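Down below are the structures I want you to see.
Paired with chain B in one complex and with chain C in the other, chain A is shared by the two complexes that follow.
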Partner chain A sequence: MQSFDLGKEGLRALNSALHALKGQTNMTKWEVVNPKGAHAIAAGVDAPVDITVRGSTGYYCAGMNKLATIRVKGSAGPGVAENMMSGTVIIDGNASQYAGATGRGGLLVIKGNASSRCGVSMKGIDIVVHGSIGHMSAFMAQSGNLVVLGDAGDALGDSLYEARLFVRGKVKSLGADCIEKEMRDEHYQILEDLLRRGEADGKAKPEEFRRYGSARKLYNFNIDNAAAY
Partner chain B sequence: MSDFPHTPPRYSATFTPAVNAEIRRAAASGIYDIRGGGTKRHLPHFDDLLFLGASISRYPLEGYREKCATDVWLGTRFAKNPIHLDIPVTIAGMSFGALSGPAKEALGRGASEAGTSTTTGDGGMTEEERGHSKTLVYQYLPSRYGMNPDDLRRADAIEVVVGQGAKPGGGGMLLGQKISDRVAMMRNLPKGIDQRSACRHPDWTGPDDLEIKIHEIREITDWEKPIYVKVGGARPYYDTALAVKAGADVVVLDGMQGGTAATQDVFIEHVGMPILACIPQAVKALQDLGMHRKVQLIVSGGIRSGADVAKAMALGADAVAIGTAALIALGDNDPKLEAEYQKLQTTADAYDDWHEGKDPAGITTQDPELFKRFDPVLGGRRLKNYLKVMTLEAQTIARACGKNHLHNLEPEDLCSLTIEAAAMAGVPLAGTSWIPGRNGGY
Partner chain C sequence: MCGIVGLFLKDPKLEPKLGEMLTDMLVTMTDRGPDSAGIAIYSGARDGLGKITIQSSQPESDFKGLDGALKEAIGKPVTLLEKSTHAVIELPIDQIQAARSALAKLRPGVKVMSVGDSIEIFKEVGLPKDVVKRFDVAKMKGTHGIGHTRMATESAVTTMGAHPFSTGSDQCLVHNGSLSNHNGLRRELVRLGKTFETQNDTEVAAAYVSRKLEEGQSLGEALESGLDDLDGFYTFVVGTKNGFGVVRDPIACKPAVMAETDQYVAFGSEYRALVNLPGIEDARVWEPEPATVYFWER
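Presenting the complex of A and B:
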């Protein structure tokens, strides 16, 4: 286990050391102490390593992550795991705005609540939120799965493309072109897998969720839909 | 029947035939006009400025004998690896999707041969472009189509796009007819649907967030790459100051003459400011912060010749970028293709329906039959020639003003032909010392 005191050694030294791990497997376990809400902690990691951050993080923790498993033993600021490519990011506390924004792969797990715009413009990432999510979540979401064990705020899935949204609780309102869709066998299987990998299999069952997706009415401009834009 | 002559027909200056035609088109179709390119209206521009040349108080340099350097460093503020270009004319961001793969290749070839950079666009980095561009600037856009850390790291610089001159405050739009399998795959969207690029970034809002975002990109790329911030010509003084405050190495400022692949005509023609009015404000912001020449300024929007390059640099820019002019150099809108333009109900030099993907020149299209017509090697050579000519022209003017580097051109080398240009550019009206809006003068 490599222990790194962020307060003492600084962010540049941490990210530099983590980036240097690409292509080697010697130091696979890392612990970061004294994060004190710093921004861009473990951003741009590209190695199959295990990193535990003991405390809360600022903006863009685990940004563009590839391959790494990053666990935050606290809460995460805006844009956690933004544009993640692969790997796993687990937040034990809450996450601020834009969690998983534009993520292209991998799994983001938020044990608490996520704020507004969770999964905005997501492009293939899977996101599991044990609590609730804020307004405008999954705005322009292109692909991937967003699983919410709690409730969703206003305008869920506004201008949605092909991402699948699963919500167990109440949805305050749906955004433009987002509709409820039938749950089929394939969706129960996706949920079962994501709940298990998202460390939520003891908390909820697939049959308790509803699925939301795109009505696909705004895919090509039509003047008769102008009021929806 | 009176013997008096009839009043001759008189067209309205307000309801011109062109205005009436647009009203009829809107009434028939129910949709606003979408097109490519930049503004087509007449605007105060570089043509309204002249160089004074040398005289008794300034002596010129000998053409072809005395050196007039043209190189430029970009990204010297924070980046470990700033960019050094041989000429100060760069190629602006244009997307794969809007342009064909061979057209992107030609831009890379021409720019590299001329010693300058090219820029990706909305839609990600293509192998054609990376492979043929010695210096490639990778755009970081609100859509984040194709964005990934590997491409960030193999770029030579990163350009955070906040806005563009053709549509400050607007996002992008690539209509379904141009979405081929390859374009769809790169953008992670179904084939054939309209692809909207958001007008705001998904994970930051405002200048304080931008600072944190730039910091994240620097961390991901280990502080190696210059980071540009591109803004449309809206509030250039404040946008430049805020970009500097947010940590930009380079500010890219795009006036309303700058082109786009596709946007509403009403947006192109009615939002934003001409580049002539933008440059002095941006330079003033840099000077007020003590950052002029430390944070470099690249300007774009209607740059066509070496004279335009020299004028932009005399007003304080470090370099310029060209988009529309580069496409014309490649062969866009060539009168040789007039018969084909006629079939599209348009004419050479006026074709702007780039969004329809039917470009007879094979440049703004994803149709393999059309882009097969375009030879990227020949296109690259044409672009290189054009860039060389622009550079020679700018050097000719700089030598006439007694300057041994294009960066030594200054506002004192210029005069204005019109009161409007004098006021916007902050350059005296020819034959006077009058700059409207400033104290003194006559």
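Presenting the complex of A and C:
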């Protein structure tokens, strides 16, 4: 186990050490103590290592993550796991704005609530939120799955492309071009897998969720609107 | 970007440490706003006494003999405590208006930062660490306080353009964001008799809240009205003699984190600002909801 005191050694030293890990490494277990809300903790990691952050983090924790498993034993600031490529990021507490934004792959798990714009422009990432999410979540989401055990705020899935949104609780309002869709067998299977991997299988069952997706009305220009331009 | 910190104490035992805690919080937010910094401290009212905090770019000449001159003008006892470019004038509360009129004649170059029976505002251009040192904020006591570090987007980097803005007795407001309808609103407020020191958007928001309070609204109601009338991005933290309020615009892009324990309610633009507060590990930490007014009063 590599233990790293962020208060003493500083952020750049931490991220340099983590960036030096390429491919296979013997140093597979890392612990970061005294994060104190610092920005960009463990951003840009590209190795199959296990990192535990003991405390709350600031902006962009685990951003661009590739292969690593990063667990935050606290809450995360804005942009956690932004543009994640692969691997797993688990937040034990709450996440601030735009968690998992533009993520291309991997799994982001938030055990508490996520704030506004969760999964904005997500492009293949899977996000499991045990609590609720704020307004404008999954805005322009392109692919991947967003699973919410609690409620969703205003304008869920506005201008959505092909991401799948599963919400168990109430949806305050749907955004433009986002509609409720039927749950088919394939969706129950996706949910079962994500709930299990998202450490939520004891909390919710796939059949309790509703699915939301794109009505695909914004994909093409509607000629009836020509006069508006 | 800007940084906001705020602290509302529930436990009187922490009151001697208010300035010290706010100083640490504010300096942590330096990289959100290195242009200028300011702090509003509510140091508690003293029976029958009021305070005017003033600022001058020539403090040596402006503050010299000012207490005597004011005493002569209003015929009541006046004390003056100099703090760098600022000074706090203490006088009978019913003499504040008379003293302000006298001050404008005696020292036309002097600016009034705040008036009231509890509030003191200190603000200057420069890094937060230098600004708090200049005014010795760490030694200040009080019941609640608000600090701001500014990264200017809207108007010039000047002392008067720094936050907090005070446009009413014992009131102040700080802002992270920018307003888009402040010019129109300023014209309306001028028609209603408000005066402005700057071209700054935040000063308009402060004057708007003051006006609503004058019309008889509570702080909560005034902030609710602001949700309809103020257009733009904002996280506001507002102070009054007895309270402390927070509101974010409906889009809520501008960050805000709050923490509450039995001892205090704290506000920070980022969690980093709160990490050294006592008992933060067990505090209830949350983000204020968009378009929702929060306030605490004693």
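Please note the rule applied: the second predicted complex is superposed on the first by the 221 of 229 C-alpha atoms of A that agree within 3 Å, B and C clash if a C-alpha of one lies under 4 Å from a C-alpha of the other, contacts with A are read in each partner's own complex, and residues count from 1 in each chain.
Quick note on the criterion: a contact is a pair of C-beta atoms (placed from the backbone, for glycine too) under 8 Å apart; a residue touches a chain by one contact, two chains touch by 3 or more.
Please read these numbers as outputs of a predicted model, since none were measured by experiment.
> Tell me the contact category for A:E162 with respect to chain B and chain C: first, second, both or neither.
first
> Compare chain B and chain C by how many residues of chain A each one touches, and report the one with more.
Ranking chain B and chain C by residues of chain A touched puts B first.
> Mind working out whether A:V72 is in touch with chain B, chain C, both or neither, as first, second, both or neither?
A:V72: touches no partner chain.
> For A:A114, decide between first (touching chain B), second (touching chain C), both and neither.
Neither: A:A114 stays clear of chain B and chain C.
> Give one of first, second, both or neither to describe whether A:A40 is in contact with chain B, with chain C, with both, or with none.
first
> Would you check which partner chain A:S143 touches, where first means chain B only, second means chain C only, and both and neither mean what they say?
A:S143 contacts chain B only, not chain C.
> Using the touch definition from the top, say if A:M85 reaches chain B (first), chain C (second), both or neither.
So A:M85 only meets chain B here.
> With both complexes superposed on chain A, which partner does A:T102 reach: first (chain B), second (chain C), both or neither?
It touches chain B, and chain C stays clear.
> Jot down the residues of chain A that show up as touching in both complexes, chain B in one and chain C in the other.
On chain A, the overlap between the chain B and chain C contacts is residues 58-59, 78, 97.
> What residues on chain B touch chain A, complex-wise?
Residues 30-31, 143-144, 147-149, 152, 175-176, 188-190, 192-194, 196, 198, 202-204, 209, 212-213, 215-216, 219-223.
> Could you please specify the touching residues of chain A with respect to chain B in the complex?
Going by the criterion above, the answer is residues 11-12, 15-16, 19, 39-40, 43-44, 46, 58-60, 63-64, 66, 78-79, 82-83, 85, 97-98, 101-102, 104, 117, 120-121, 123-124, 139-140, 142-143, 159, 161-162, 219-221, 223.
> Contact residues on chain A for chain C in the complex?
36-38, 56, 58-59, 75, 77-78, 93-94, 96-97, 115-116, 134-136
> Would you pull the chain C residues touching chain A in the complex into a rising list?
251-253, 255, 257, 270-275, 285-287, 289-290
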